[in-house]
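Chain lettering (A, B, C and D) follows the sequence in which the chains are written, and residue indices restart at 1 in each chain.
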Amino acid sequence: MGGYHLKVAVSEMWRERWINLLSALSIAVGLFLIALAVLGVYNVKIVTKKLPERFSITVFLKDGLSASEVQEINRAIRKNPGVKTLTYTSKEDALKDLKATLLDSDYVMEGLEENPLPASIAVGLRRDSVTDSSVEALARKIEGLVGVSEVEYGKKLLRVIESVRKGSEFAGGFLISALSAALIFVCYSTVKILFYRKKEEIETLTLLGATRWFIRAPFLIEGGLIGLGGGVLSSLAIAAFVYAGYRKLAASVPLMGAFSMPPELLYWMPLTGLCLGVAGSLIAIGRIKF
Amino acid sequence: MGGYHLKVAVSEMWRERWINLLSALSIAVGLFLIALAVLGVYNVKIVTKKLPERFSITVFLKDGLSASEVQEINRAIRKNPGVKTLTYTSKEDALKDLKATLLDSDYVMEGLEENPLPASIAVGLRRDSVTDSSVEALARKIEGLVGVSEVEYGKKLLRVIESVRKGSEFAGGFLISALSAALIFVCYSTVKILFYRKKEEIETLTLLGATRWFIRAPFLIEGGLIGLGGGVLSSLAIAAFVYAGYRKLAASVPLMGAFSMPPELLYWMPLTGLCLGVAGSLIAIGRIKF
Amino acid sequence: MDNIMISFDGVSKTYGHNPAIRNISFSIGKGEMSFLTGPSGAGKSTLLKLIYLAERPDSGTIFLDGMETEMVKESQVPWVRRKIGIVFQDFKLLPRTVFDNVALTLRIRWMHEDDVKPVVHETLKLVGLRHKADSYPAALSGGEQQRVVIARAIVGEPSVLLADEPTGNLDPDTAAGVMRVFREINARGTTILVATHNRELLKSTGNFIFRLDGGSLTEEMFQ
Amino acid sequence: MDNIMISFDGVSKTYGHNPAIRNISFSIGKGEMSFLTGPSGAGKSTLLKLIYLAERPDSGTIFLDGMETEMVKESQVPWVRRKIGIVFQDFKLLPRTVFDNVALTLRIRWMHEDDVKPVVHETLKLVGLRHKADSYPAALSGGEQQRVVIARAIVGEPSVLLADEPTGNLDPDTAAGVMRVFREINARGTTILVATHNRELLKSTGNFIFRLDGGSLTEEMFQ
């Protein structure tokens, strides 16, 4: 596979530039969509990890606990991994909060003899430990502590977040594997078409005593270059999409403000294209007898 | 364009079946993605139209209105288009609701001398009239009525729904137009490649005295058939996706329960493919001199 | 001028810097049969290409059946070509069956399919290939391919037949057979110009022979 | 057997139901120059294809330089073919420059690029095409193309040269020049087999002439 083969591959690619452009574009579109899927999954993960930062478990305490008993509960909760912050609200503070919420209507409570509200501890959670099951387990554990009357947490919200994350991972994975298979097929059929188109030339070469790999080398190079070209094109497209088109989209959809892109994507795509191209060529070469 | 040309087109397509398959598949993938985009926009519209069913404007009334004054307000609101239901809640009912909400803690209010809560009317809205601006206009209008103290509506929720709808329409429109252009390009280059591959044959035909359209007819037929084939393939893919793959997705993402598909899509896609194929062929034919 | 079919008047044709035809003048009468000879690369094929409008002269004028070829409109070219039967030096057979290759000439003129069949088979019989009608060119011997090209050129009963080295792949007996066919067609009024190296063909008497060398007409003789 | 280069022993080859070679036996000694003749479709090209392993016989055995061709492993075929120079009847030129077409024979053998150039130019000069080195086959006359094929066949100094109708597109003088080259190569030890209709080539004396008809060897003469 010396310079001679490279020269042949390049000049043949130029002669067949239309079909090669079509193939490279097919691959570029495929890689672009894969990249979009990767970006989607990536961003859903980021968003769903940010959301639980504001998410907490509220622990309601029984009435009449001493300060040291509250301390004890505090300590027991803090021992759990995933617990980040603990905020204690006394019975009195709870009442003040309720009064502030009722605003002008606070005379509603003027006749109260006893404060009916319980003291509580708000438990802030570390992002990475917030999953459907782990939060539920933590809540049960805290419920079992002496002095705790009730535990409340956003069970439903958590379920929704979890299902969005799972759904995006499932859909993304499905898309990515389907598209990868489609791309290998594109490279495969591109090279196979090249083979068929050059059937006569290949026949002539074999009659002149060329070995298999002498004939195959330019096809491998061509397949690789087409894949690489497709990858570079899709990198450019993604860059253009993220840095230009995306702003317009974000302007009309405020939800997308948190969108971001791992820069590695830009050089992973040409590499992936190259590999897909070579893989497709190898399959095509291996399957064609001559 | 008699049977002879159809025969030639079909036999040539068979000879070039690999490149034709590749083109048809490119078109199928493109149409499939377009269909997905259409489905996405369609479903977002359905969902955002369903959500506002539960959405209403709450009108708080001034204290001390007579029954006929309330009737008057009722009538004035009902006159507006888009208003579907009106539900009146008296001061007494409001207090009962609050007490029910406080549950065991209802002794909080035992000392109350006067009921501090206002009477209200919940205004249910017709789906189709719920847009950001129309609801705001309606709210302002109601606010101006005699006897109304305050109007409350889910301004923020409405904004989010609106922006999701707009965003999906924008992204869908962007995707659909980009993909349509890509598909015409695919047909165009497919036919152009066919032309280049058959350059010698075409040359021979012209030397034998064939007219332009005698030579072009098989290419038009071929382009149309390839587009049609791509359309049929994508129809099958969408049907498979909706009736089989979608269930798995829905099972893991409860949000997607409401998903549905207009059945017209299944025959619009082959038609679209056919038109794209013929369009691409016509462009390719028109631009190539021979 | 009425009885002149082909006439060149000071015609030159250069490919890039490479002159293929230099200031050539001659004329061929209607119903005549003439030969064109000369060494490899002398410009014989180029001269024929100028007649069937595949190349345009750089200077000079060419008349075909009373029309100046430079005046023929692009859209009229197919109709002019339908009057000409061509035996290409490089065959130019399409990858279809022998029958379809020969039938092409007729189908291009929208002849009805029912009429195509007997005419094609008749012509294939004339070149001895009736039994190869369903073969593809790739499965024919060199000489068989050449005879398919000849059949395709004559099947439409053209008023002019241009044959470029029509016997290069034929043995002397088969070549003589082809020449007999040409003479028959010629007798029915077709003007024929044959470019050839085959001395045996040239020996057959009673025809004009044009001799090209390096793009110039060096000899014009009547044998 | 040591001095036999090509030998056929009861060889037959049928395409479908169409027998192309029927029970043929003959042998050609090392360093000999022989001719193969016979009418169109007699089986000449098929016989040559059997020698260069493009077709396999249905029955009988073929020996090439002492090897039985049926015994040659698939992976060994390229090395066998590198010993053979072939002038194809249908040229089989690649759409590359004349230089690249001729150089191919050497590049396939991994000859160093520095050595390729002088050898190719030398050979092109031998067939009178030194000035066409950078042209593409499509821009050559029929005879020029044929000489490129001849150059490609002899540039590798093969031990066997198989030429299928090598002068079909050449004028008598150029054809005589090519035959002179063949004789030179033959004098240096290359075994040569030429399939041809050209009676003038056959007239040159001192060679074996095999005559095929309908796939059978009908005559074998020494002139």
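Quick notes on this one:
Here is the rule we go by: a contact is a pair of C-beta atoms (placed from the backbone, for glycine too) under 8 Å apart; a residue touches a chain by one contact, two chains touch by 3 or more.
The model shown is predicted, which means the values in this text are computed figures rather than measured ones.
The chains in contact with chain B and with chain C alike: there are none. Ranking all chains by how far their C-alpha centres lie from the centre of chain B, first place goes to D. Chain B and chain D have centres, each the mean of its CA atoms, that are 69 Å apart. Centre-to-centre separation between chain A and chain B, using Cα means, comes to 25 Å. Centre to centre, using the average C-alpha position, chain A and chain D are separated by 64 Å. Taken as a graph of touching chains, this assembly forms a single closed ring in which every chain touches exactly two others. Interchain contacts (touch definition given at top) occur between A-B, A-D, B-C, C-D. Residues of chain B that touch chain A in their complex: 18-19, 21-23, 25-26, 29-30, 33, 104-105, 107-112, 116-117, 160, 163-164, 166-167, 170-171, 174, 182, 185-186, 189-190, 192-193, 196-197, 245, 248-249, 252-256.
Residue ranges on chain C touching chain B, taken from their complex, read 52, 54, 77-82, 84, 86, 88, 92, 94-96, 104-105, 107-109, 113, 152.
Against chain C, the residues of chain D that register as touching in their complex are 15, 37-41, 44-45, 89-90, 139, 141-144, 147, 164-165, 168-175, 197, 199-200.
Those residues of chain A that touch chain D in the shared complex are 4, 11, 15, 200-201, 203-211, 214.
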